[in-house]
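We call the chains A, B, C and D, going by the order they appear; numbering starts again at 1 in every chain.
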């Protein structure tokens, strides 16, 4: 919706992250970190499958199609399903994925500040969007990785590569992941899904493939296990084809949300340093409802906080290993020139609302 | 289906071809070829819109969704529709597109051996597939273009760039465009469409968006003009969502074709130097029908000729302009080192059939 | 000596910077900044020639071959010489180069925080060294340039490109321009030159081309104008061929310095947060002199301060132009996320000394 | 002299070719070709050192500085010298280099139609000249290599990569290696060297470093072994510094040749389909001598034949290995679409002569 070049897929990302993990394993072995063939296969399977639980439109619909589950949990269910099919061959992959394996660096390759997941998606997203401020060099970063006491660390010569990576990640957040225009499209999509579910659960039979229709009508209560078979039938086309059909639905809210998205008539979207008050929001919501002739304007007005911590040293610290093999957290290293500035969180606010006169 | 990186879209291609055309216009102007602003806008609009008539899955479904029309004709209808909306501002673009404008080189920038269409798609397809044998350098080729007597020609210093481009195009044909695996997926898709139309026209109500359903049920007889509104509603998701639903249809032929495609169970596919005889094909077709338990096996067995002329000097000759401004057809130039070899056509044969025991 | 890929030359840089300036002029014209053909030629000539005054080994020998002149001054002399040859055609270029032309943005394209000089060398040095932390995107930065009141400014949408560029520049300083190993080679080279001059001015006839010999024997007192003819005969090969011959000279200091450089036996080199005291330096110098058996050890021990201000807002501020055409210095903009951190200078210290036992 | 970007060095090439050889060894091992660690080290050393015998200006001065030896022979002498220093550790490398090791594919990785030497220099020369017609993909080609009966072969799926590589090599010959302008510079350099040797051997003491002076004065009679120590002192700067000094020498022939080269006043240079007759050459030579006022004009007029066989199947055949492990020479394969055209040699002629009136 914003960067037309960004047609890359999660399948590409899964392959790419696995490719980088292979390189990381080779690099660590070359630095005399012992990694057995079984451990190598385990970490490769874990990274290959780490995102397999994503449904259509990934994060955007993460809690819209299935309310109560994060995609990581769904990935885990699918890995367990595959593990049964493959007679336990994924046992170690699952332990690594869940963080239950004693050699923590293997889990850290899959999920940490310097995991292969981030290295791949930053590079890939920067390349396909053309936002060069986010460009990083995974090969270089991998070449600086090391292991001490089963923890993933960075050789001191790599400190500037890491600082550059942390800065690049911050640039991507403000220029891509939190882009105000994609935000407005996301709001349309999640609100369309919210409305479609409401209508479906009130007995309306909306146009949908069987699998998609299932999730419109049913709430996944406890866990997804029983519905996995339905869930893996879904891809973007189920949703998109429905939105196209729903444009002409008689419910104004659903047809308006769908039509705006399909025809790229996006709401007004702003990044604010200070948020609107609850009262201001209320006024805006009621005005929109009135202009559209609907009762509930909340589908068309949305505000949220956006907080970026370029480097969260408490949640996911990076350790630099000096030549004497002593460790230092990167922002406390004598060599650092940028990372202690990147500890500071930045908070802004997204506001988006439909300008009825302009859009309809 | 073959090159997972190849996620680029026709929209990218349209922008890219227009970008190259802009460069070509600037280059020619710098060589003292007079091109008015009106002509520039005309050729830019013509190239931007040249592919707008493509429907879902482009060439593959070109004659499956609408039987009797080439996409160029549909592009023309859409350009004329836009021209009415824009009060005739596309008049010149349409004349250039149709080859009715007297300065032929403008049409040749849109459609000829060296048009910006080919330069863009070869570069783009080579990049996104990773098939480096097809890599060309559009900037370099454009820098060698010139005009004599309103014909597009090539400065003699560019002769090797052109020869390399002709060879690259040949490599792309054998490695990408005629790849045996994509061929087998294309056969599945066109046969699924054929079956869906048959069923629809016999009164079956198949799952489909309204717009897609229209083309399943109705044949476009004379011309598309009245159905343009429906046609432009279509994109790949209409087709793909239907195929997903059709997997479970009770018609064995339709469900088998759809399911094989969705689940990537592709038929056997071979490139042959000699084709199978009609009789051999017949035997294979009947065997397949028997194994599937259907009456007509022709949906599952397919053979076709594939002929590539790397450089067709009669249909679309390339002229080299010597320093004295005399012209020579490239394969007759004293400088050429490859192009006279590229005149020779190569013919091979594609065979594809469902191996029922393996696939089902 | 450090990055073997870095074989790019100042000639490449001059062409590259001119190429970027062409792009900048086109970009500004497209934004309705009027630039006459004469101004365009002026700024192109100014940037093409801005570094023409560099002698062999550029900055390293900047004050070793000619003591009292910066290269910018020599560039100016050469431009004036050329201007006489070309009957005044460089008049405007020289005014722009000297900052005497009223439209300041033209001078700023040649020399400022965002000049085409820096954009070219950062990109080029990053590419050829492989230090990706310094990679920038000149095309993107240029596309954000604008002019207000004859000052070069940046459109607000480009703020992150600039912040990334400022960070990249800082990374290049610490990883390339101030690399401890190239520093040690620079010390060898300047000390060899110092010794060769001393010997020459004491009557010794050292191996050298005529032009190089001239500068070994004579000090350029007032200005270079009379010696320009000699100076432009020089390139790296004059110096390098002499160093090779000097390896076998009977003066221990000269042969040791030359031999260490030619055979890549570089001194010990360190980056320190705190400098050695004068006394410590003295001890080290005397020890080295003793081990080598020479009187003066100062040729072989060297310490200097290295101070980097990633963004010096007082010397060369960057102005962001908001959509209402108001200006803000970048570190004071509401949008900034990095530049106010980059105002802070960082100082470190280089120490280098010959380890006689190891090196000889 | 022709492509200013082409500043890459033979050192880069040696590292690059070794890097590719490492990849090739890994690829072959992954295809179950057994290669011991000792063999791996042997082939890596052989390729690293294969060009070490090149002197200043490589091929151009190959028979000018030392008359009777090819650089391969000098490489061998240096490898043997190193082997003595390293107590025989290069034994196997030398056997591989000389083609005396029984597993021929190891020698073929160093020297054959598909050796890592060619893959590296084609890619590198294409990149640094910007002549994209010569661009190849070494990684792809290496991935198709295999071994049968200790011979290097190509898996059939790689046939088009090889055909593209053969075409690329042909393009590089006509656009780079046999470029008429570099040819004219080469003629100047070799003739300057010829003249300098004549003068030196007649007792003239020319400006030169000691090592370079040695080869000007002495002919290497039997073999170079005794002079290796002198030879390895030489690099381009010895020659270039002398040429700069020789510009002002009183011998007209030497000063003219040197000055034309240093100041880039290159002779007229042409590629001809038919050569000049001996008589025509004679007339041109005498005219030039007369205009310059020298006795012997042969230093300034030069003609030679240039013959390119894009693919010499007799000297260095490429074998394609089908899936049944049978072999076919590539131009005889059923799959080939280009290589049988590339068997045909092309011969042209280079003529170069000094145009005295224009040049002096």
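The criterion applied here is as follows: a contact is a pair of C-beta atoms (placed from the backbone, for glycine too) under 8 Å apart; a residue touches a chain by one contact, two chains touch by 3 or more.
Here the structure is a predicted model, which means the values were calculated and not measured.
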Maximum centroid distance from chain A, chain identifier (CA atoms): D
CA centroid of chain A to CA centroid of chain D, Å: 53
For chain A paired with chain C, centre-to-centre distance based on mean C-alpha positions, whole Å: 44
Approximate Å spacing (C-alpha centroids) for the pair chain A, chain B: 35
Of all residues in chain A, the ones touching two or more other chains: none
Pairs of chains satisfying the touch condition: A-B, A-C, B-D, C-D
Chain A-touching residues of chain C, taken from the complex the two chains share: 132-133, 135-137, 140, 160-161, 163-164, 167-168, 170-171, 174-175, 273, 334, 337-338, 341, 346
Parts of chain C lying in touch with chain D, wherever the complex brings them together: 4-5, 7-9, 11-12, 15, 207, 209-211, 233, 235-238, 240-242, 244-245, 248
